[in-house]
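In what comes next, chain A is part of two complexes: it sits with chain B in the first one and with chain C in the second one.
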Partner chain A sequence: MKLFDRLLAIDRRIIFLLVAIAVTLPLFSKTILHIEISPMVKGVYDAVNNLPPGSKVLVTFDYDPASAPELQPMALSFFRHCFSKDLKVIIMGLWPQGPIQANIALEDVFRIPEIKAKNLKYGEDYVNLGYMAGNEVVIQRMGSDIQATFPVDYSGNKTSELPLMKGIKNFDNIDFVYNLSAGYPGTMEWVQFAVDRFHAKLGAGNTAVQAPGMYPYIPRQLVGVLGGMKGGAEYEIIDKHPARAVSYMLSQGVSHAVVVFFIIIGNLAFFATRGKRKTSE
Partner chain B sequence: MRREVPLVITGIVGISLIISFFIPHTPFNLLETLFTDWFLIVAAFAIVLGILNLLKISLDKVYKKKKDWFFGLVVVFSFFFIVIPGFGFSGGRGFQNPGTPFFWIYFYIYIPLMSTMFALLAFFVASASYRAFRARNKEATMLLLAAFFVMLGRVPIGYYLSFWLPENYQLAAVADWIMNFPQTAGQRAIMIGIALGIVSTCLRMILGIERAYIGGE
Partner chain C sequence: MSTNLGVWIAAFLTLGIMSFLYKDNPIYKFCEAVFVGVSAGYWFVTEYFTVFLPKVWDNVETAINVLQAEGRMDWFHWSYLLGGILGVLMLLRLVPKIGWISRWPLAVIVGTTSGLWLINYLVSNAMVQVRQTIIPLYVAGNLNASIGNIIIVVGTFCGLIYFFFSKEHKGVFGGAAKVGIWFIMITFGASFGYTVMSRMSLLIARMDFLVGTWLGLLK
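Entry: the complex of A and B
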C-alpha cells in the first residue's frame, strides 16, 4: 500500500524525465518499424499518382514552426512525389509563416539527387505566391481570380508574367489542391470554400489532433488525409522513400507506450488505495 | 444613426453575398468581388492595428513600470530585432529567402522557440494523464479504453503487440474502427450542430436582431 501511496504522490519531474528519455533515446536508433498504409493516405497518394505530367498542384502551407515536426516531413515527401512526376507546384499560405516553411521544404527537397538533376526553375516548375491575409475570404477570392488575389508572388514578381501562372484563372485550372494545416484557417475552410463552392479536388495533411475532425469529409470532399507523423511516415513508405517521419516513429511509439504505462500504473494505484480512502472518509 | 447605419450596411452586404452565391452573374458577382477585395484590405490593416496595439500596451507597461514590465521590454526589443533586419537588411521583398538575416532569425531563433513551447505540451499531457485519467465510473472507463486502443493502435508498436491476433482484432484495426465509426459519427453531429448555429446567428445579424457586435449600450 505504501508503494501505491508513493506512486500517487510521485513528483511530476520524474514523469517529465521518463517522458524525455522515452522520446530522446529512440532517436539514436536506426530501427524502422512496420507501418501499415491506411486507405486515407493511399487516397492522397493515388490522387497525385494519377495526375499526368504538367498538371498544376496548389500546395497551401497553413501552419507554423510549432506544428512543423508533424507537417514538415509531409511537405517534403509531397514535394518529392510531385517533382518526381513532373507536376507543376504552386505554393501559397493562409498563415504568415507558411511560405517560409515552404521555402525550407523546397531547400530540403532540392538536395535530393534525383530532384536536383531535374534542374527545376522558379516560375516555370514551381512558384511561391506567399502569404495573404483574410483567411477563408482569400479562398473565396481565389475561386473567381487567383491572379487578382495574388497580383505579385512572395518576391514581388508579377504573377501574370510567370510562365507557370499563365492560363490559371481560378480553381478550374488547378488539378489538385493539397492543404497542410495545423488549425484555423485550414482544411475545414478549404473544404467549405474550395471544394463545396468551387469543386476543387482536395487532399490534406493535418496534425494528429486535427486529423480526426476531417474524417467526416472523406471521401466525398477530401480524397484522403495524412494524420500526424504516422500519416507522413505512411506517405514516405507508400512513395518508397522512407525519410524523417519513418525514423521518428520509434520515438513516437515508445512515448505513447510510456504514457499508457503511466495511466495503467496510476489507475492501479488509485484502485489499490481506494479502500483506504473510503475508510478514512 | 450610430446604430442604424452599421445595421443597414450589415444587412445589405449580407444579403448581397447570399444572393451572389445563388446567382453568380452580373451584378452580383461584381459585388462579391468588390466586397471580398475590401475584406482582404481590411484584414491586412487589422494586422498592422494589432501590432501597433501590442507595442502600445508593452511600451505603456514599461513606461509606468507596471507588474512584469520587463517582459514588455522583451516584447518591444524582440519586435524591433526582427523588423529592422527584415525591412532594412534582407533584400526588400525577397526578405523571406534563405540566406537573408530575416531568414536566419526565423530559422535559428523563432523555429526553436516555437518548437520548444509546443513540445512542452507532451510533458504536461503525460503528467496530467497520470494524475487525472481514472476509471471512476462507466463513462470514464470507456474513455480510457478508447484512449488505450487509439494510442497504441496508431503507432507501429500496436502492430508488434497484437500481430498474432486475427486481423480484425488487432490494435490498429480496433483503433481504426473507433476513429472511423463512433468518432466520425460524433464529429459529424457536432459539425452539423455548429453549422446550424452559425446559420442562425448570421441570419440574426443580417436581419438586425443580433446587435452585440456593434457594441455600446
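Entry: the complex of A and C
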C-alpha cells in the first residue's frame, strides 16, 4: 500500500521529465517502426495515384506554424507525390500563414533530386494563389469563379495571365482537392461547401485533434483522411519515401508507452487506495 | 551548435515557455508577453492588409474613381462600404451610451451566418450522414466490412436512443441506451488518444528543434 501511496503523491514534474526523455532519446535512433497503412490514408493515396498526368489538384493550406509539426510532413509528401506524377498543383489558403507554409514545403520538395530534375516552372506546373479572407464564403465563391475570387496570386501576378489557370473556372475544372487543416475554416467547411454543394472530390490531412471528427464523412464526402503525424507517416510509407513523419514515430511510440504506463499505474494506485481513503473519511 | 541568432531566440523562447512546467517564473511571463504582443501585432497587420485594404478601401476607391470619371454610381463597389460602416458600428460597444448600436452588425452577422449554414449543416451533417448509416449489415465474402457496418448501425442507433429523453431508460430501451453510452465513451477515448498524439507531435518537433537545429546533436 505504501508503494501506491507514494505513486499517487509523485511530483508531476517527474512525469514531465520522463516524457521529455521518452520523446528526446528516440530522436537519436535511426530505428523505423513498422507502420500499418489505414484505409483512410490509402483512400487519399489511391485518389491521387489514379489521376492521369496533367490533372489539376487544388491544395488548400488551412493551418499555421503552430500545427506545422503534424501537417508540414503531409504537405511535403503530398507535393512530392503530385509532382512525381506530373500533376498540376494550385495552392491557396484560408489561413493567412497557410500559403507561406506551402512555400516552405515547395522549397523542401524542390531539393529532392527526382523533383528538381523535372525543372518545374511557376505558373505552368504550380501556382500559389495566396490567402483570401472570408473563410467558407471564399469556397462558396470559388464554386462560381475561382479567378474572380483570386484576381492576383501570392506574388501579385494576375491570375488570368498564368498559363496553369487558363480554362479553370470553378470546381468542375479541378480534378482533386486536398485540404490540410488545423481547425476553422478547414475540412468541415470544404466538405460542406466544395463537396456537398459543388461536388468536388476531396481528401484531407488533419491534426490528430481534428481527425476523429472527420471520419464520419468517409467515404461519401471524403476519399480519406491523414490523421496527425501517424497519418503523415503512413502516407510517406505508402509513397515509398519515408521522411520526417516516419522518423518521429519512434518518439511518438515511446512517449505514448510512458503515458499509458502512468495511466495504468495511476488507476491501479487509485483503486488500491480507495478503501483506505473511504475509511479515513 | 547553431550560429543563427533567430534559432537562439527561438530556443530561448521555447525553453522560457517550457519553464512553466517547473513553476511560474519571470522568464515564462516575459516569453508569454512577447507571444501575446507579437500575435496581436501580427493579426492587426494581417487584417489591415488582407481585409480592410482589399475589401473596403480598394473597392470604395474604385467606386469614387468611377463616379469622378464617368459620373455614375458603381453600386457593386459602393456596397463594400456597407461592410465598413457595419464594422465601425461594431466598435461603438466602446462607447457605453450608444453601445446598443453594435447589436445591428451583430444581427447581420447572426442572420447571414445562420442563413448560410442552415442548409449546409442539414445536408452535410444530417441527411448525408443518415444516408451513410443505411448500409447492408451483411457484405458477402467480406467479414471485416460486415462487422464494421454492424458497428456503425448499432452505434448510431443506440447513441441516438441515449439522447432520447422522452421515455425512461428502462428494459430493452434502457439496455440500448447503455450500449449507446458505451459507444459514446469509446468515441471520447479515441478522441482523447488522438489529442495526446497531437500534443506529443508538437513536443517531438520542439525537442527536435532544440536538440537538432539549436544544439546540433542530431545528424
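Quick note on the criterion: the second predicted complex is superposed on the first by the 281 of 281 C-alpha atoms of A that agree within 3 Å, B and C clash if a C-alpha of one lies under 4 Å from a C-alpha of the other, contacts with A are read in each partner's own complex, and residues count from 1 in each chain.
By definition in this document, a residue touches a chain if its C-beta (ideal position, glycine included) is under 8 Å from a C-beta of that chain, and two chains touch if they have at least 3 such contacts.
In this text the structure is predicted, and so the values were computed from the model without any measurement.
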item	value
Combined model on chain A: chain C and chain B, fit or clash	clash
Chain B versus chain C as contact partner of A:D196, first or second or both or neither	second
First (chain B), second (chain C), both or neither touched by A:L164	neither
Touch count on chain A, higher of chain B and chain C	B
Chain B versus chain C as contact partner of A:S144, first or second or both or neither	first
Chain B versus chain C as contact partner of A:S38, first or second or both or neither	first
Touching partner for A:T24 - first (chain B), second (chain C), both, neither	second
Partner chain in contact with A:P99 - chain B first, chain C second, else both or neither	first
Which superposed partner A:Q252 touches (first chain B, second chain C, both, neither)	both
Contacts of A:F16 with chain B and chain C, given as first, second, both or neither	both
First, second, both or neither for A:K230, with chain B first and chain C second	both
Shared chain A contacts, counted only where both chain B and chain C touch the same residue	16, 19-20, 23, 66, 68-69, 132-133, 137, 140, 197, 208, 212-213, 216, 228, 230, 252, 255-256, 259
Residues of chain A that touch chain C when the two form their complex	13, 16, 19-20, 23-24, 27-28, 66, 68-70, 96, 131-133, 136-137, 140, 188, 191-193, 195-197, 207-209, 211-213, 216-217, 220-221, 227-230, 248, 251-252, 255-256, 259
In the complex, chain B residues that touch chain A	21, 29, 32-33, 36-37, 39-40, 43-44, 46-47, 92-94, 96-98, 103, 106-107, 110-111, 114-115, 117-118, 122-123, 125-127, 129-131, 133-135, 144, 147-148, 151-152, 154-160, 172, 176, 179-180, 183-184, 187-188, 191
Chain A residues within the chain B interface of the complex	10, 12, 15-16, 19-20, 23, 33-36, 38, 64-69, 97, 99-100, 103-104, 107, 130, 132-135, 137-138, 140-141, 144-145, 148-149, 152, 154-156, 197, 208, 212-213, 215-216, 228, 230, 249-250, 252-260, 262-263, 265-267, 270-271
Residues of chain C that touch chain A when the two form their complex	21-22, 46-47, 50-51, 54-55, 116, 120-121, 123-125, 128-129, 131-132, 187, 190-191, 194-198, 200-208, 211-212, 217-218
